[in-house]
């Protein structure tokens, strides 16, 4: 039995509005926010993050990027990260969307939303999901730049950001 | 010269789309999100937080709440918190809205949005603003509960959350 | 003369939203508290309460802060917004 | 037989999206790497690169992980999504 399955079996806090999606299509924040709020009177805090294609990265002027992924594993990795967050913090709804394929400047890439009774857990869980996604979900960015197409390099700071969560748990 | 004025003079990173508002009216997240994104090709990360009226707080079933505030000082306190965040982190746009008056179950209370090149600073600044707002912005909640109207008690955990930012800065 | 304004639970406890004081300035917030309690002894538990917050010209201050004529002075309980 | 699939920059460097190996199972990821390099010596710098990641049945594993017949094995560079 792999780790993802173990997490899923242990986790009895799944919400029917939880969602993990990998898609080419854009997503609509107004609609997504509505899905966090509707019929939800118990949560006092919603934190969300969106990642966008920005115009300058790793020394290059960027005009777009292509997002390659490992079909099947991406969804599984994201679900495992969400399960881990839900086991660690008292949170309620979690929604994660990651886009794939050709994207352009200012396009939305990724969305993570977490709701909970209190802001501390919602902030922690949202950031935890992004930090793990950056290191464990099999997506690869190839940027279109004026200097040609360039594979984005994984950064040490993203690994450090993930590893900090281990230290925190041991406190 | 008070602290708020000092911060404002030192801070040369104000963005024309920055906003601090105290209002009775509801706010629209789709519209707010648009204001973070439009004409913005430099930012790769947007973090936002919304606080909502939830159904159970400090041992009581809540059906609504009245938000009292100190007119003038609320705006000034929020602006000072935003200025401090902008001086501390490399962030771009910041928008803060806090509602006042009579609110009901599931209503939006507060909104904080931060955009920046990288997610770390946007997450830190958004949370910092909420942690300081909870301790320094002169709003007071009186909840309508089945046991009658009850003033909400300030919590030690919110003070601790704010004080952690001082320790972090000394690292 | 200094006017001190009250907010929230404190205003309800005092059943008053402000008080005018005849007091020499500059004077400290602590002196203002003592002056109020001298003329309203029943307010002592609230005005000298451990959790009372004070603001001068809409910025929070500690009890040793010196107040001048014309300053806007406010007392209130710990804030609970957000 | 084990099929190993490649992604992203690794796929471009190898100019190949997968390779079929004749190898005894169970065998470790390290043994699979050695087997690939034995038949494709020019791939050594990529397949034995320090930053190579491996997944078995769509879960990341370390090089001592044991692979069985029928397992889905993938090699790829550090991920850069988000």
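For reference, chains read A, B, C and D in written order, and residue numbers begin at 1 within each chain.
Basically, a contact is a pair of C-beta atoms (placed from the backbone, for glycine too) under 8 Å apart; a residue touches a chain by one contact, two chains touch by 3 or more.
Quantities reported herein were computed from a predicted structural model and do not represent experimental measurements.
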Contact distance in steps, from chain A to chain D: 1
Those chains which touch chain D and also touch chain B: A
Distance between the centres, which are taken as Cα means, of chain D and chain C, whole angstrom: 71
Whole-Å separation of chain centres (CA-atom averages), chain B against chain C: 26
Inter-centroid spacing, chain C versus chain A (mean Cα positions, whole Å): 48
For chain D, residues contacting two or more additional chains: 82
Interface hub residues of chain B, defined as touching at least two other chains: 51, 119, 130
Set of all touching chain pairs, with the criterion as stated earlier: A-B, A-D, B-C
Touching residues (chain side chain B, partner chain C) in the complex: 2-4, 51, 67-70, 72-74, 76-77, 80, 98, 109-110, 130, 133-142, 151-154
Of chain C, residues touching chain B in the complex: 7-9, 51, 55, 57-60, 74, 76-82
Residue ranges of chain A in contact with chain B within the complex: 29-30, 33, 37, 40-57, 105-106, 117, 119-120, 122-123, 126-127, 130, 157, 161
